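By written order: A, B and C. Residues from 1 in each chain.
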Amino acid sequence: MKRIIEITKDNPIPVLFLIICLFGLWIAELPLPIFINDLIARLSRNTFLVLSLIIPIVVGLGLNFALVTGAMAGQIGAITVIELGIKGLQGFLVACLIAVPLAIIFGYLLGKLFNIAKGREMITGFITGFFANGVYQFIFLFLIGTALIPFKDKTILLPQGWGIRSVVDLFNIQYAIDSILIFRIPVGRYLLSVPLSTFIIIFILCLAINYFLKTKLGQEFKAIGQEPHVSLVYGINVDKNRILATIISIALAAIGQLIFLQNLGTVNTYASHEQVALFSIAALLVGGATVKKATVSNALLGVLLFHSIFIISPQAGQKLFGQPQVGEYFRVFVAYGVIAFSLATHTFQERVAKK
Amino acid sequence: MEIAREVDKSKNNNIKVLVFDEPTAVLTESEAGNLLKILKQLTHKGISILFISHRLDEVLQVSDRVVVLRDGEKIAEKNQSETNIIEIAELMVGRKLKRLEVITELKPQIEDSTILKINNLKVSMPGEYVNGINLEIKKGEIFGLGGLAGHGKVGIANGIAGLYSSSGEVWFQDKPLQLNNPYAFLNTGLAFLSEDRRGVGLLLNEPINFNICLTSFYIKGRFTKNLLGMKILNQSELNDYSKKIISDLDIRCLGPHQFVRALSGGNQQKVCIARALTMEPKLLFVSEPTRGVDVGAKQKILEVLVNLNRRLGMTIVFTSSELLELRSISDRIGIVHHGQIADILPPDAPDVKFGLAMSGIKGAVQ
Amino acid sequence: MKKTLLSLISTIGIPRIIIAGFLTFLLITAFVLGVDVNRLLSDSLVRIGRNGLFVLALLPTLKAGVGLNFGLSLGAICGLIGLVLGLELGITGINHILLALVIGVLLAVIIGYIYGVLLNQTKGQEMMVGNYIGFATVSLMCTFWLLAPFRNPTLVWAIGGRGLRTTLVLPGETSQIIDNFLSFSFFGLNIPTGTFVLFFLSCLLLYFFFKTRSGLSMVAVGSNPVFARASGIKENTIRIQSVVLSTVLAAFGMIIFAQSFGFVQLYMAPLMLPFPAIACILIGGASLRKATLLHVIIGTALFQTLLTITLPVVTQVVAISGEAGDITEVLRVIISNGLILYALTRKGGD
């Protein structure tokens, strides 16, 4: 009992959401295998994206609300691969080869922007996300298929001959990673499918992040995050490292979005990426991370809890209020609410610490 | 502790030169004594040490050679055996310089009554140490406050003005003054010219007239007119007043609507003074009014202060790091050392006394 | 003569003169292409009147140094509650507006106060925190619209009889009641007089407010909080006052917007409401450090006209069909967020 209280004290937010989850599970009366199957799929889809948030937090940039730019790079890669007509794992790898350099460029520009707007990185990233989305829409709706950006594959263009359709089938790279090594476990009437290969990639990324943070560069990142002024005195190039951290984050997000898309098998050209930052950040925070501190375990726990709530809430809303929309609105509220709460408590604590 | 760790590191790391900048400021006396012993031992191991301190006795105790710096210039270099504490104190203050001639034909009208009484004032202000100031200011005098940087002379006025949290007792005209409350401070008839002109004293992105009027508009309701029962700013009255005070104080500007940011340091300072004057205070705290100001404006600012004192009978508490200007216009000068008043001296006291007071030794030497 | 012209140009600012020039160019193109220019201008005027108060609502927090109020939707929600309550009770016409105003403003004072206290605790990150508080409140209110015990059959979903519809139609007596007040035609232009008068009255009131003790303290706090404190001004109280004022104006703005629009949009509709308003004040020449009434008026006029007349002209020129997606919508996103980004990354926020 004492231990439970201690854990609650140290991790109030994860414990709170664990309680909400358990309560929701009890209310929703969802068949457990269905729930678990859904959860596994969501874990394999989203964890990589959430992990891409850790490095910028370590270096003191806060929550990377501009994750959208990485997701866009991923989507550009995915759609280019359709145009090129490359299939399967090869197609996925080519998509990565296109997406990652783009993401590096985006990350570099974003990092520069963050350095100009020091102290306002988060709101700057947030607005950059919207801005980039506008440019992305402009290119995909009005430029692709015209003389400026010619496009052969007419099947994914809008009827008028230019602009990408709002839903594009990604059959060529669907399950490109998942299907390398997949386990299907029968549980009663249901079949659980576990894309082990995807989880192995996620596991490798976790190890890589933890290893990276122990290297000299990782230590420098930590130092910058904790004591930017002292770091400067010790001769660490703060600005350069902040740009580097942004690049890493955006590049990882690009790959993360591709993993997300290969599992879904379709891409909502104008919507799939929009909520990436929101849901990834919310998941990380639910896992107990803060604006200043985030670990791999925060990310893993957060994805688990946040997506459990995601699966459960419509059903729970139906059971509690007779309306599934209540649950849908509730989960959006959870996402926004946990971010608002974290930002507020973080700034509040910073101010108290200063005094 | 931290110092011990650094010293320890140096033993292992083959370091040849160590720099200590005021290492004893944070230590107790016995700790400081220990540190000095360790430093001596280190020199025997062939490590050179640069020891920076304001405590003259320590310097003489530990150093082989002593260099005196003043206003960014090297004044003298002496071997430890060839000098003594009095000589260093004199060098530190600089006896050769002449007093600024502040022209005034009027004599100060100092009364015997105490206008401000400070009892055990403590202020927590970063970089300043005010730890139990006791002081009595007489009505009608210009009281100078001097001392080395960081010893608390600047913190006194900031604390009383309510800008930093403070404790203790302050009486103004025999009535207790509420501390930590800038409104009460101003409303009682006091005013404060901050040493941080751009940070505290001015609204850089607002015009001159707005800067001048805001405090008295807010506190005293000056420059108001009625509009449907609302009290609003009377722009024309303000403009007339601003024009007058701009010419009175000789503020070089394009007019009352010019933004303060565009003015030179000296003229910005005059805007601050104008704002304080508009409050019509009975007692004015002035901190470092001539810092970052060119020579001509410096003279003018000092003259303004003296004139305020002589013509309007305004009591002034004048804080400055330039001993010279303190001695030019003050009637009495309090030297602050380590958060307390070390000595109160007349402006024509010998340099040695000032130097010694600054390092915490009260006028023992004749 | 030349000097006054130059000083006029510098007050308005080169960027705004360029935009105005671009607008004139668009209008001439429209005229040449045979687009109904009068209609375009009438529509622009309606939209200026509709959105003006939201932009005005941004002024107090900018003046007080709290920054761009990304939580404008909080005030809008207060206005929405007032409007919906009127609908539920079946009150129409000017009484509906008045009831909505009383309820909306009362709620806005309370909500604004709480919001202001919160923003004081999170100094330095007000914009981000305000933004997410706004988002969270909008999504929380969704469950309220769904679950609150509204009974009026014209408001709730036909099936199930529970939960408000996403879009509520205002009855004819309420709809455009202020727009049409003293409305007249001028060379074929319909002028929504009532709304304009209200907007300019609000501007005038704010103009005088910024000359009172509270108003000037707001300017001082925004310009230099330490100076303000040294002058005996209570920084935190003033900041809360600015947030309350902003929230109240937003509630007021929502009511004016709805009566002009003729519909009340619920659920996620207020989510992105602050962004176009913010774009307006920034295009008007405001920055994080300096904002004036002139910025509000010029910005609203320019930005809303730009949005209204771009689409018809562009569709005429490029012949983009409607299903290709709304190019003005995309341009709006790029322009408004580009402007905010520019304001955020200007050196020192000047």
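As a convention for this text, a residue touches a chain if its C-beta (ideal position, glycine included) is under 8 Å from a C-beta of that chain, and two chains touch if they have at least 3 such contacts.
For clarity, every value in this text was computed on a predicted model and none was experimentally measured.
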Report the pair of chains linked by the most C-beta pairs in contact. A-C
Quick one: most central chain, C-alpha centroids? C
Based on the averaged CA atom positions, which chain is farthest from chain B? A
Taking the mean of the CA coordinates per chain, how far is chain B from chain C in Å? 49
Averaging only over C-alpha atoms, locate the centres of chain A and chain C and give their separation in whole Å. 32
When the centre of a chain is set as the mean of its C-alpha atoms, what distance in Å lies between chain A and chain B? 55
Shared interface positions of chain A, touching two or more other chains: none
List, in ascending order, every residue of chain C touching at least 2 other chains. none
Would you pull the chain C residues touching chain A in the complex into a rising list? 118, 121-125, 127-129, 131-133, 135-136, 138-140, 142-143, 146-147, 160, 162-163, 267, 275, 320-321, 323-325, 327, 330-331, 333-334, 337-338, 340-341, 344-345, 347
For chain C, which residues are in contact with chain B within the complex? 208, 211-213, 216-217, 219-220, 223-224, 226-227, 229-234, 289-290, 350
Using the touch definition up top, name the residues of chain B that touch chain C in the complex. 161-163, 181-187, 192, 194, 196, 199-206, 210, 214-215, 217-219, 221, 227, 230-233, 235
Would you pull the chain A residues touching chain C in the complex into a rising list? 113, 116-117, 119-120, 122-124, 126-128, 130-131, 133-135, 137-138, 141-142, 158-160, 162-163, 321-323, 325-326, 329-330, 332-333, 336-337, 339-340, 343-344, 346-348, 350-351
